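Each of the two complexes below includes chain A, the first together with chain B, the second together with chain C.
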Partner chain A sequence: MKIKKFFSSQKFIVFVWVLGIAVIWEIFAFIVAATKRTPVNVLPHLWQIIEAFFSDKKVSGKMTMAELIGTACQETLLRAAIGFAIGTVLGYLLALLMNLSRIVEKIAFPYLMLIQMIPILGMAPIILSITGDINTSRIVIAAILTFYPVSANTLAGFKAVEQEKCELMYSYASSRFQLYTKTLIPSCIPYFFTGLKISAPMAITASILVDTLQGGNGLGCMLSQSLKGGMTRLVFWDIVLISAIIGILSYQVMGLIEKLICPYKRTKKAD
Partner chain B sequence: MKTKRILSLVSSFVLPLAFGTMIYILWQTEILHRIIGADTVTLPLPSRIGEIIGANSQSIAEHTKITLKVAVGGLLAGSILGYLIAVVAAVFRKWGAGGLALVSAFNAIPIVALAPVVNNWTRDMSGEVDIRSTAAKIIVVTIFCTASMSVNAYRGLTELKPFSEDLMKSYAAPKIVVFAKLRLPNSLPYVFTALRVSVPSSVIGALVAEYFAEDTVGVGRQIRENIVKGQYPTAWAYIAVACLIGIAMFVLLTIVERIVLKNRRRT
Partner chain C sequence: MDERTEIMLDNIGMTYKTNDGRDVTALTSVTLDIRKGEFISLLGPSGCGKTTLLRIIADLLTPTQGNISVGGETPRQARLKQRYGIVFQSAVLYDWRTVRKNVMLPLEIMHVPKEERIDRADKMLELVGLSDFANHFPGQLSGGMQQRVGIARALAIRPEILLMDEPFSALDEFTREKLHDDLLRIWRKTNKTVVFVTHNISEAVYLSDRVCVLSPHPGRLSAVVDIDLPRPRTAQLKSTPEFTALVAKVRSSFEGV
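So, the complex of A and B:
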């Protein structure tokens, strides 16, 4: 009962916070509107942003704002998703290999740490020039960014399996294959999803950033075009808002999938 | 037993080193280029990159200083701000937790998208391009670093060892003492956990913020400018420098962590 009550009030509190931030935004927007010559460039009103999204005024060629952002969104999300999937599979396989063989772990682990410290996003332009294709480089960068969190967290998950469980499997005379499929892999799922939750928004960020480097049809391209004055500045604000929303949504979707795959974790969380 | 441990220690150094050398040789002999389908123009040989770093060391050092200023300044500002948010949230527990849920949602926002607007915010701050664009970059890095610090520090301030809070209560310790003697020290390891995330991301944030900044200085901007000009070896030299900055800051953090948390068991 207490938990339930807490949960319902939690949602309410978050709602109040969102409202509070909106109010603060509006106060600043009013100040900016009164003092600056071009308030849209600095901080437009929230309603202007939302209104612009739903208005049927043509912003670019024959497309309205919603259509324009919709198609751009599709492009960006698709590349991010492909890169994310590739990075996830590779990261998971590497973690598995590292847990299977000490030699692989010793070779790969320092480099895994290194990848985390290397500013991959800073390398975006060079990857673009090596691959020569904006779509490929979006996928490559999203994959590299996804790779590390997934791999490191999955490995931590393998290591965190209680010794007793492995000993129990040993006493069952289970084969190595069974040990993995029955014990290790299921118990590292929550860790695996921690990695996914970190990397999903990162993959989207990567995709948007790569967009800004070259023309094309993604969210980032629209963003830089709007900044250069090719379209109204409200396009820019709508994209900021939309990318924030899809970033948060991607995180939530990962949480949702986790709940579907391992519902037993839910009861664990409650207490 | 002892020889076995030494052997495993040696192998954990030798094996990665051997792997690194192999990559280096593959790269230098252009076999790597054939594998990923690049040429020596876009992916220059390591020796050439080294040469360029040596030849341009002066201007590279200058740009490095600028980037470091932004990264460290933003890291400090973001960490302090994040910690303060955590303290406030820990004091007003009921409302704070909800606020933090929102802050952690900020983590998922592609902050890159914000970088161009921040330039507009600082436009009236100063007549000097140098000052206002540095301020804009620092703000972006600050936003990058705040969320992870506040979430982790909040956990450190509230997830106390069982009974330690009861012990303080039995001492009749006032809230402020509980905070200073129990919560603050308890949060230290969590602060380092946060820093391990935000130190690399402060470097990334600084590089990306430079892409959008008004002023065309800094390591990140040089990577982009040199690629636009088609000078790939120089761009690679700056990439190597950027990686070195990231690694150096991380090593520094590890050393500081070792010293500060010397008397604690690592969890």
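So, the complex of A and C:
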């Protein structure tokens, strides 16, 4: 019984999943190592990537790999976080406005869709020429990407509130303000978090991607330097691995916060 | 109109416009006086307009025809004075609030001070027999318990009129019978006027002072049957010939539908 429970547990599934990726990676790494002249440029072994991360060897000036990536992470994540926060606040406010006024919804929604459809790399130079500063543009783009999922999901959350809940509030002769604070806003929290879970990794990806456009100390800057031969290629691989982990973590953190502010999500059904 | 009348419906009609511009009559010329403290059922098959009628009383719909007064006022005035407690088919609980806080919700809307809110909520939970579950979340309760929380919440604002829209139809037979007795006990204690919508004949007969039979196409009031069974009623009543006869009488008023 216990064993069966373990095999169907979330932890076990995650374990199998990670192991599966590692195995497939290694199969190809061995093939690459046997056939290509510079395998590290194509697909190094996982252990090489991990070893490089923890090695004392200086990869750039006086910095080891861990130090280099650590500083770069801070830069990029800070920008992603600021952009994410701005995008979340604006996205939420717009969803609120769209729900309050049908006219606002009709006018704003097509623009929302449009912003979502423009590729980030196409948008980046435009934002750069407007703001005149690459770091500001990085923040703005992270915000723009966060904006849509948060706004669209929150609006869907407002619209999904049961009709009867609104009728109850109506029968209590509640004010519009009370309708929002007591009913609409709390009930759309799960939808809001769905938006956050989608956009948190997106904000980070966007921040890294826009890093590559110009110099600086961000993850993307290091990544493109490594690709251009300015540093060992393992910097590139380490950054790829680390950013994947950060992306997944950012999703998990959103889930954790949701559970913290929604105690009812932690309870089980009693008999 | 006698002075014991609580809700007066005079020639009420409701006509909807469909999207292609046709008129659909949901309810036509319903005239009915509901007395203070009376338990009255609106009984009928789906499409007979019983829920429409309840929603008109609750000021959730405005009739296209006729007059309605609730204690001499319009339904809107009655609603703004918080004279209605409503219970829906589903319990409509707020899953992020504990059971106690669910019952406290309407009191928060009414700006009742906090100590009194807690006090009143706990009294209502005691009335429906859920004191031990005050700190549980609705997701942890069974369907019958959830519906009882819904009733406690409706009663918490001390409404004069309790409007119930098929409140027990989603429950299993055993839970439903238990809740019938709970509801009768609560009603006896609190003396509310109850308007109870149902499509279950024996439920209507068991609970009510009067059963209003509605027929569909178009929705109309086709009969009002007095249920002169003694109170307090218990489950044994259901196997008496008097009860069976009344059920048969109500059923026969559906013939020709």
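Note that in this section the second predicted complex is superposed on the first by the 254 of 271 C-alpha atoms of A that agree within 3 Å, B and C clash if a C-alpha of one lies under 4 Å from a C-alpha of the other, contacts with A are read in each partner's own complex, and residues count from 1 in each chain.
Heads up, the rule we're going with is that a residue touches a chain if its C-beta (ideal position, glycine included) is under 8 Å from a C-beta of that chain, and two chains touch if they have at least 3 such contacts.
On a predicted model such as this, the values are computed, not experimentally measured, just so you know.
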Chain B and chain C placed together on chain A: clash or fit? fit
* So, does A:Leu93 touch the first partner chain B, the second partner chain C, both, or neither? -> neither
Partner touching more residues of chain A, chain B vs chain C, is chain B
Note to self: Which partner chains sit in contact with A:Ile27 here, chain B, chain C, both or neither? Use first/second/both/neither.
What the structure shows: neither
Practice prompt. Would you sort A:Ile257 into first (chain B), second (chain C), both or neither based on which partner it touches?
Written response: neither
Does chain B (first) or chain C (second) touch A:Pro201, or do both, or does neither?
-> first
Item to complete: Check whether A:Leu114 is in contact with chain B, with chain C, with both or with neither, and answer first, second, both or neither.
Response: first
Touching A:Ile13 in the superposition: chain B (first), chain C (second), both, neither? first
(Q) Quick check on the superposed pair: does A:Leu227 touch chain B, chain C, both, or neither? Answer first, second, both or neither. (A) first
Value for angle(chain B, chain A, chain C) over C-alpha centres, in degrees, nearest 10, is 90
Shortest Cα gap between chain B and chain C in the overlay, whole Å, is 6
Chain A residues where the chain B and chain C footprints coincide none
Residue positions on chain C within touch of chain A in the complex are 58-60, 79-82, 84, 86, 88, 90, 92, 94-96, 105-106, 108-110, 136-141, 157
As the complex stands, chain A meets chain B at residues 9-10, 12-14, 16-18, 21, 41-43, 103, 106-107, 109-111, 114, 116-123, 125-126, 129-130, 200-201, 204-205, 208-209, 212-213, 223, 227, 236, 239-240, 243-244, 247-248, 250-251
Touching chain C in the complex, chain A uses residues 162, 164-165, 167-174, 178, 182-183, 186-187, 189, 262-264, 267-270
Within the complex, chain A is touched by chain B residues 11-12, 15-16, 18-20, 36, 38, 42-43, 94-95, 97-99, 101-102, 105, 107-114, 116-117, 120-121, 123, 200, 203-204, 207-208, 211, 219-220, 223-224, 227, 232, 235-236, 239, 242-243, 246-247, 249-250
